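Letters A, B, C and D name the chains as they come in the text, with residue numbers starting at 1 for each one.
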Amino acid sequence: MGRVKIVGFACNWCCYAGADLAGTSHLKYAPEMRLIRVLCSGRIDPKFILEAFKSGADGVFIGACHPGDCHYQSGNLKTIKRVMLLKKYLKQLGIEEERLCLEFISASEGERFQKVVNQFVEKIKSLGPLNWK
Amino acid sequence: MEINILEEFFNICDEPIFKCINCGVCSASCPISKFMELSPQKLIFYLVNNKKEVLEKNTIWLCASCLNCQARCRKDIDFSRVADALRHIYLREIARKKWLLELEIDKIKREILTKSPQQLFIALQRKFAYY
Amino acid sequence: MRYLYYPGCTLKTTGKVFDDSIKEVAKVLDIELKELTNWYCCQAIYTPLNDAPSLILGAMRNLIETQREDDKLVTACAACYNVLLRAQNSYFQDQLLKERVDAYLEEELRERIKIIHFFELLEEKVELLNSLIKKRNSFSLACYYGCLLTRPKGIALFSNDINPQRLENLFSKLGFNIIDFGFKTRCCGSYLTYTKEEAVKDCVEKIVLSIEEAAGNNNCQILTTCPLCQFNLENYQNKYQVFYFTQFLLSLIKGD
Amino acid sequence: MAEIRIGVYVCHCGMNIAGVVDVKRVVDEIKKMKNVVVARDYVYMCSDPGQDLIKKDIKEYNLNRVVVASCSPRMHEPTFRNTIKEAGLNPYLLEMANIREQDSWVTEDKEEATKKAISLVRIAVLRASLLEELYEKEVTVIPRALVIGGGIAGIQAALDIANAGYEVYLVEKEPSIGGHMAQLEKTFPTLDCSACILTPKMVEVTQNKNIKLMTYCEVEEVSGFVGNFKVKIRQKARGVNPDLCTACGSCSIICPVYVPNEFDCGLAPRKAIYRPFPQAVPNVFTISFKDCVQCGLCEWNCENFAINLNDKDKIIEIDVGAIVVATGYEEFDPRLKPEFGYGRYKEVLTGLEFERILNASGPTFGEIKINGKVPKSIVFIHCVGSRDEQVGNPYCSRVCCMYIAKQAHLVKERLPDCKVTVFYIDVRAFGKGFEEFYTRVKDEGVIYRRGSPSEIYKRGDKLVVRSEDTILGEIIEEEADLVVLGTGLVPRKETLELAKKLKLSLSADNFLLEAHPKLRPVDSNIDGVYLCGCCQGPKDIPDSVAQAKGAASSVIALFNKRVVTVEPIQAYVREDYCSGCHICEGLCPYSALEFDSEKRVMRVNEALCRGCGVCPSACPSGAIVMRHYTDEQIEIQVGGLLWEE
């Protein structure tokens, strides 16, 4: 089956608003993307991501503000570092690093949200389900 | 022959012609638009309205792909691609060789034919015939 | 420096003057041009249709050849330059097209080939060039670019498609008076010579008018970068002399 | 702990949700979940009957958690929080599932959309079961406002706030307030003299005791939040003491340096010590130090000793409760469209430049002259830099159609024999009195031809405008002595920097983004920061004034409340888990984490914490808890998304 499971995290101020804009503009994207709202991408503890992979996620998506635009000054910069480190760790665990994706999407980039989500879901579909236990 | 020109067009070309606001900047910038039976802007308007007459106009054969219009188009439409696509529709659906039918190669002045750059002749062949 | 050189069909025949002058200018500037061993016709025009990948095969074959010899590619013919560049660009941008084209090719193009116009090499050596010039004439220069080197925006050699200045800059550094006219990137009429001669006449007339307007009383010569422009401008007007820019440079270096 | 009783409410939103998502199925699925006492669907949950339904159920079923599945929480979370508050529940026991913006509107397949909706509602229910009561805190508002930008919008906003009895700082980066409106000759469509209606307002600003006018100043840094902003303002070195200057002008007369006057769009010169225009407010001179040669003549000539050539920039710090951004627009630079020859031909002017030519106090004193000659034919070109994807401005600038009509009218009025041709693509005369004005101008003999010109070149001493008349279908080459480009409006570069400082969002066209395009047009994405005028998007004077009044009344409403409630979404430290390792300390952008040296643990300063949650995700011992976004609450959502269906 081509069905994949994806966990999305979005910061309230940029990516979540961008996703809402994609909605108000009626831009269709892959229904596999389901977002969990957090106030800042800096809230995303690496353990949530590992937890997601452990519980059967095939891909994890993080939407943050563009560097320099963070509502909380620098939360997204911390996320960048965490994600970079986590990708190395994932590789060691035998998970393709492409399964974790960090994208910067501002509140006005509804179209971009649609594009990156579709690309990401496409990518995960081509990688197939994660067989990791 | 019955052809749905719009459908045929979108089969081979994805220029966003529906974005056209008919401002006419393409016609104005075209150095040869005064020799055209339909100016580029009008041609796109005809095409958008699915009029297959576009294939009978000399416009598509006169476009030399100089991209002057593309450089100025407000909506980023490349007219030369539109003309190319229509040309190909004509050559595939109506006649394989446009220039043999109408142009009569013998009428081209001999001194032009011998002096002119090779690429000119190849370009002409590529634009006017389909093998 | 050694480069692979792609002359194209015209420079081997009716554009021989251009070819010869390029080779000689390259020689005095210590640029080694080695002709691409197996070169094909670039197919003269770039026709991007969704269902006809064969229309860029010629250009792609040349790039594959270059890849085999593992080098940069220098061309001077404006049409070849334009076609090679645009073909390569769409090959790398359009995944579907790439797959279709690859089906016809013996090997795929792994990464972008650096395609250089001969003019860019001259720009780097402007000081050497200056010292080599024996005699300067008193003519003002009108640099006519034509369409193929200036468009489409973004990938063309001269990024400003309406009022490019690079040729002007080169020749003013060499000490020439420049005529800055309006129609320097307007189409010369191209192959309409065969099918609609009056259109070409009209185009050339407009270009000449524009030069006349800007030149005033100055003695003026036209420099071209393209065999097509050269032909049309030579053939349909007799007010000004027309030279390839390399041809003109060579005459300065030779001093005749 | 009391039993958790959740009520779930799925909204149809008319057909917006129900048209794609099988609402009944969602309800049926959710009813099966643990803790769900009642689940219902209703056509408009946000309507009064919808809200009453929730309130009734809370009473009847003794609910203690509510989940609403409808539109984005960014839209209606406050509404439903209020609803359950009225029914006696803590507002933070509400959870929303976004099944409109992030489901029904973005999913084509109905089956997929329903599945996604079930999954989204499911995680909302799971999260709801872990929600805790939180109590909002109140913070007093500093009843002082900052207005950035002294154009017509900024002036109007400042006056309205000041007249309501609150103090206002009005900051302007130029030496005088007035903005672009001061440069205009007449205003469309009523043909009021622009200066005559603006200058009284400018004077009112100086006379109003509540307004502290800060010209030649720029905002340097902003921190804080609604009700309590701290702003650093740079007072640029002016070289003249405004309290001593009598504006006699003797300094300017003797100054030997001539530079182009920005106010006249560079068409006339000014001195290095100058006043942009005679009606400037404040009426004082300013030295532009980038032009000044430090000859000292002005200092020597000033009788009041007002001049100080060693003046330095100063930083002023102010505390305000609200900020109004009114930074305006910039004219599009037509050099980006080289085919129009702007910058190459002196006879090609921008709209604003021609406005100065028409202006009685402009470089030609209102005489329409170009190169010293009266033009016999003038061509206007619409949409230069607007509706043009080549230069990245796909939007319509909204004012060009009408200002060209106005300028064409003024030309016809002053030079009846002059041939006036206007090249347009569409004429957008949408405002009050616009269409009538457009008809009047056409009736006066202005020729409107439909077509966008492709280039302008010279033939003899005439300019030739080449265009297609798309109605006639023929190519025309119109000769003209003067061409006026209908240049569009683009966002100011400085505004982009200011947006960074204030953390404001931008819309796709790079203008500032309003909180909601329809319902919150003056609010920004930051509480306590309001937008008005052209910084939010191109608009004409009445629209700018209306928006300024809207922004001002939002500020006044905020000040009248005296307090703002702060969301209690903050971190706290569980002291028995904290080892005092200080890792969190350096991460906090607000320095809200302090070390308690007695207990040797960290502590969150609640006055500073904004609730971003960077610290809890870094705490190695899990001692920091983020209220309303706890680890458990997020993890249960992750788990919920991955349930096997």
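Here is the rule we use: a contact is a pair of C-beta atoms (placed from the backbone, for glycine too) under 8 Å apart; a residue touches a chain by one contact, two chains touch by 3 or more.
Note that the coordinates shown come from a computational prediction; the quantities given were computed from them, not determined experimentally.
Chemist: Using the touch definition up top, find the fewest steps from subunit A to subunit D.
Modeler: Counted as steps through touching chains, the separation is 1.
Chemist: Per-chain Cα mean versus the mean over all protein Cα atoms: which chain has them closest together?
Modeler: Checking distances from each chain centre to the full centroid gives D.
Chemist: Quick check: more C-beta contact pairs at B-C or at B-D?
Modeler: Looking at contacts between chains, B-C has the larger number.
Chemist: With chain centres defined as C-alpha means, what is the inter-centre distance between subunit B and subunit C in Å?
Modeler: Centres of subunit B and subunit C (C-alpha means) sit 24 Å apart.
Chemist: At what distance in angstrom does the C-alpha mean of subunit D lie from that of subunit B?
Modeler: 46
Chemist: Which whole number of Å gives the spacing of the CA centres of subunit A and subunit B?
Modeler: The computed centroid separation for subunit A versus subunit B comes out at 46 Å.
Chemist: I need the residues of subunit D touching at least two other chains; which ones are they?
Modeler: 339, 390, 455
Chemist: Which residues does subunit B have that touch at least 2 chains other than itself?
Modeler: Subunit B, residues with two or more chain partners: 34, 68, 71.
Chemist: Would you give the residues of subunit C that are in contact with at least 2 other chains, written as numbers and ranges?
Modeler: 153, 162
Chemist: Name, in rising order, each residue of subunit C that touches subunit D in their complex.
Modeler: So the residues of subunit C in touch with subunit D come to 153, 160, 162-163, 182-183, 209-210, 213.
Chemist: Which stretch or stretches of subunit B touch subunit C in the complex?
Modeler: 11-14, 31-32, 34-35, 61-62, 64-68, 70-71, 78, 81, 84-85, 88, 99, 103, 108, 112-113, 115-124, 126-128
Chemist: Inside the complex, what are the residues of subunit C that reach subunit B?
Modeler: 8-10, 12-15, 41, 43-52, 77, 79-80, 147, 150-153, 161-162, 185-187, 189-199, 202-203, 206, 227-228, 230-231, 235
Chemist: Contact residues on subunit D for subunit B in the complex?
Modeler: 339, 383, 387-390, 425-426, 450-455, 466-470, 473, 475
Chemist: Can you tell me which positions in subunit D touch subunit A when the two form their complex?
Modeler: The touching residues are 72-75, 98, 100-103, 105-109, 112-113, 115-116, 119-120, 123, 500, 503, 505-508, 513, 525, 569, 587, 589-590, 610-614, 616-618, 626, 629, 631, 634-635, 637-639, 641-642.
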